[in-house]
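In what follows, subunit A forms one complex with subunit B and a second complex with subunit C.
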Partner chain A sequence: MIAIGLEGSANKLGVGVISHPPHGKPAQVLSNIRHTFVTPPGEGFLPKDTAKHHRTWVIKLVKQAMKQAGVTIKDIDCICYTKGPGMGAPLQSVAVAARMLSLLWQKDLVGVNHCVGHIEMGREITGAQNPVVLYVSGGNTQVIAYAEQRYRIFGEALDIAVGNCLDRFARTLEISNDPAPGYNIEQLAKKGKVLLDLPYAVKGMDCSFSGILASIDLLAAELKANPGQRDPVTGELITTADLCFSLQETVYAMLVEITERAMAHVGSNQVLIVGGVGCNERLQDMMGIMAKDRGGSVYATDERFAIDNGIMIAHAGLEAYKAGFRTPLEESTCTQRFRTDEVFVKWRD
Partner chain B sequence: MASQFDPDFPCSLTIDLPLPTARLASAALQALRVDKELSPLVRRSFSTISTASSHKSGEPSLVSSSEETILRTEYKATTNRMLRVAVNGFMESLSVVLGVMEELDLDVLGMEHAD
Partner chain C sequence: MEAVHPSSAAPETRVFSPIFKYPSAAAPLLITQGAEALLYRSTYLLPSIPCALKYRPSKPYRHPILDVRLTKHRILSEARVLVKCRREGVPVPAVYALDEAAGWLMIEWIEGEVVKIRLNEWLKSRKEGNVADGVDAGELLDLMTRVGSAVGRMHAIGVVHGDLTTSNLMLCPRSTEGVDGDAEAPKMLDGDIVLIDFGLASQSQADEDRAVDLYVLERAFGSTHPRAESLFGGVLKAYEKSFKGAGVVLKKLEEVRMRGRKRSMLG
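And now, the complex of A and B:
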């Protein structure tokens, strides 16, 4: 069976076509195309502009994805789109396109939960059996474990997502948002050496990032006012690279802690990292050290699948479709809030 | 104008969009009406009408048919500003609807794959 998936919950617009061959053979990615709305340094992306970007690109991307996949409309079984969670206007602009395709092509619609899309694609690509999932992106930070046909949230960020913290610090430093602010923070952090003192905000199974952001913004302002600051221990000059390094080390240690707590709780030693922040090599390394200590391992995907994309929506949507799930046209709305555990995962035991 | 004056929503606008076929008008209507209006100060309704019924009397006779090929969208709002905001949003969604019709319909996509 073949599905087309449309994703646009944040600033990435993705369209993908996936094939599920019969007899449980592995899924095939027929096409996976993305266009990102990149804002100038120092600026974030606002819903209105992001929606405009998606409206401008959605038709081009659908056309391109169909062409690259080499399939005809007849071959498509269903049209999957991101129902939520995410930003309202961008989600809606993509949903309108999905509905039109459904009506003109006479195909069923499947509304997909964005988080479940990430999880299912991560499972498919890595082959991880039953890992604890760390879903980390600009919009979400959740520790998830599967039990009895639901992806249950064991821990999460209480205020802002870890990716949001990193992205907003990138705006403070006015570094480029191309290809992504988090990527540029990571590159800068690689040159950092001094570990500065930042709050460490793990609260049981959950964590909090807004206080850390306030602190690092304060440090950045102090550094800008006093460029000649030195680390009291080593005497080294403090740089923005050190700020990035300190921020990453702190927030990633927090994520490792709450992930480990969930692993101990469910008795798992496998971790699957999904979401855009999962591309970060330092996070993967730190998680790997912890998992290895527990006799386990870390699974992660590359940027094609870790960063928001259409193929994960097509994949999760097709799984649901095969299990009998449909989204009637009148119900093909979008919602900014859509909890991961709201989805009945019928396609797993 | 088909709708009556509503004193609670005094600012109104009717937009008639002629389309090539009834199929396209119906698809546009179904796709656009799913999303509720965000503001309680705005009311909106969609319908499809035929070219015959949309003609004012006294116009020179154009080719008209009973096929409902026109998408009629009626907006009414408490203020002109709310009306403008709502209609702008409608136009933005409409651009996607028209783009899909133009470039991704069965005949268009099928044709382009033929080469």
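And now, the complex of A and C:
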């Protein structure tokens, strides 16, 4: 069976074609392409402009994905699109495109939860059986474990998402948003040495990032106004690289801690990291050390599958489709708020 | 929490201070590995006084400076909070000894089992559906009431737990007075609630912090015992009666829940 997936819940527009061979053989990625709306340094992406970007590119991307996959319309079984959560206007643009394809090609629609898409694709690619999932991106920070047909959220950010914290700090520093603000923070952090004191806000399996962002913004403003500050212990000059380093060390330690707590709570020793922030190598390293300590292992994917993409929507959608799920045209809406645990996961035991 | 197999465990290689070595104490026996700490069973002063030894090994994934800062802070704040709770009559284990630089805390040994295990056993022994219908809910509701008032008493004295889950609530068997030999078997959900694991606790009177405490418990409850989730209201009901400011906290809880709902806005 073959499905095409359309994703556009934030600033990435992705289209992917997936094939599920019979007899439970591993899924085959036929094509997976993405076009990102990149804003100038110091600016975030606004819903209106992002939606326009998606509208401009969606037809080209669908054509290209079909061509690359080497499939024709009659090979496609269903059209999957992101129902939510995400930014309203971009979601709508992509939903309209999906509806149009459904009418044009006479194929069933399947609305997919974005977070479930990430989880299912991560499981498929890494082969992790029943992991604790850390889902970290620009809009979401969740620690998830599967129980009784649902992906249950054990912990999450109580205010802004970790990726949002990193993105906004990148804006403060006015560093490039290309290919992603978090990527550029990671590169800067590699040059940092001095660990500055930041708040550490973990509450059980939940955590909070807004206070950390406020603190690091303050430190950045102080450094800008008064360069040439030195670390009182080592006497080293404090740089913006140290700020990025301190921010990463602190927020990732928090994420690893809440993940470990969830693992202890559910008695699992596998971790799967999904979402855009999951590409961060320092986070993957730290998680790997923690998992090894517990006699387990960490599973992560690279940017093709960790960053928002169409293939994960196609994959999760096709799983639901095979279990009999359809989204009738009149219900093919999208929603900004769509929690991971709202989805009934019929395709797993 | 999952118990490791103490019998099959490799010989303990950690270096403990002399106080934990035979003959001054029974050799520490690993009971569970939590997220942050290892819990051992040992004895304190006399071989007849069992104790729990909570050891926080350094976390190699963390930056060493951050690691030292967190370990020290957590051991000390846990001990302070336990002492305060004990003084004010909130059911918690007593503190026996500690060394924050070495990362250990020695506390009273609490008999019994955590609520998570007992509750899951109880739920397993019940038929599907009964719990939500309230047919069989009396015993469970009684447990919820005890949980609610224990949490309320803790909040009333200005302590927030920071990690309230059913793994951090113990059901401690009531001392059997032995009035009559053929008394009915103790019910599965009987016992006194004892709050444990104050590793993330802090002293706070803020309604926000108290509400987040309840929210964490509510969510842990919903995700660990989905079938009994509908009865969580029992906890809040008992909580409301437990101290004067509880009503305001419950209002705040609604706000915290709403905030939680909005959190999934972006993807």
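Quick note on the criterion: the second predicted complex is superposed on the first by the 349 of 349 C-alpha atoms of A that agree within 3 Å, B and C clash if a C-alpha of one lies under 4 Å from a C-alpha of the other, contacts with A are read in each partner's own complex, and residues count from 1 in each chain.
In this section, contacts are C-beta pairs under 8 Å (C-beta built on N, C-alpha and C of every residue); 3 or more make two chains touch, one makes a residue touch a chain.
Worth saying up front: this structure is predicted, and the values here are computed from it rather than measured.
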**Request:** Determine, for the superposed arrangement built on subunit A, whether subunit B and subunit C clash or fit.
**Result:** fit
**Request:** Mind working out whether A:214 is in touch with subunit B, subunit C, both or neither, as first, second, both or neither?
**Result:** neither
**Request:** Please indicate which partner A:55 is in contact with in the superposed arrangement: first for subunit B, second for subunit C, both, or neither.
**Result:** first
**Message:** Looking at A:290, would you say it contacts subunit B, subunit C, both, or neither? Reply first, second, both or neither.
**Reply:** second
**Asked** Which of the two partners, first being subunit B and second being subunit C, lies in contact with A:96: first, second, both, or neither?
**Response** first
**Prompt:** So, A:46: does it touch subunit B (first), subunit C (second), both, or neither?
**Reply:** neither
**Item:** subunit A-centred angle between subunit C and subunit B, computed on Cα centres after superposition, in steps of 10 °
**Value:** 130
**Request:** State whether A:330 touches subunit B only (first), subunit C only (second), both chains, or neither.
**Result:** first
**Message:** Quick check on the superposed pair: does A:63 touch subunit B, subunit C, both, or neither? Answer first, second, both or neither.
**Reply:** first
**Message:** For A:195, using the defined touch cut-off, is the partner it touches subunit B, subunit C, both, or neither? Pick first, second, both or neither.
**Reply:** second
**Prompt:** subunit B or subunit C: which reaches more residues on subunit A?
**Reply:** C
**Complete:** With chain A overlaid, the minimum CA to CA distance between subunit B and subunit C in angstrom is 17
**Request:** Take the contacts of subunit A with subunit B and those with subunit C, and give the residues found in both.
**Result:** none
**Complete:** The subunit A residues in contact with subunit C across the complex are 9-10, 82, 84-87, 114-115, 137-140, 145, 147-148, 150, 152-154, 156-159, 161, 164, 195, 200, 202-206, 249-250, 253, 256-257, 260-261, 263-265, 267, 285-287, 289-290, 293-294, 308, 336-340
**Item:** In the complex with subunit B, residue positions of subunit A that touch it
**Value:** 51-52, 55, 58-59, 62-63, 66-67, 72-73, 92-93, 95-97, 99-101, 103-105, 329-330, 332-334
**Complex contacts: residues of subunit C adjacent to subunit A** = 1-2, 33-36, 59-63, 65-66, 70, 162-165, 167, 200, 212, 216, 219-220, 222-224, 226, 256, 259-267
**Asked** Quick one: in the complex, what on subunit B touches subunit A?
**Response** 26-28, 30-32, 34-36, 92-93, 95-97, 99-101, 103-106, 109-110, 112-113
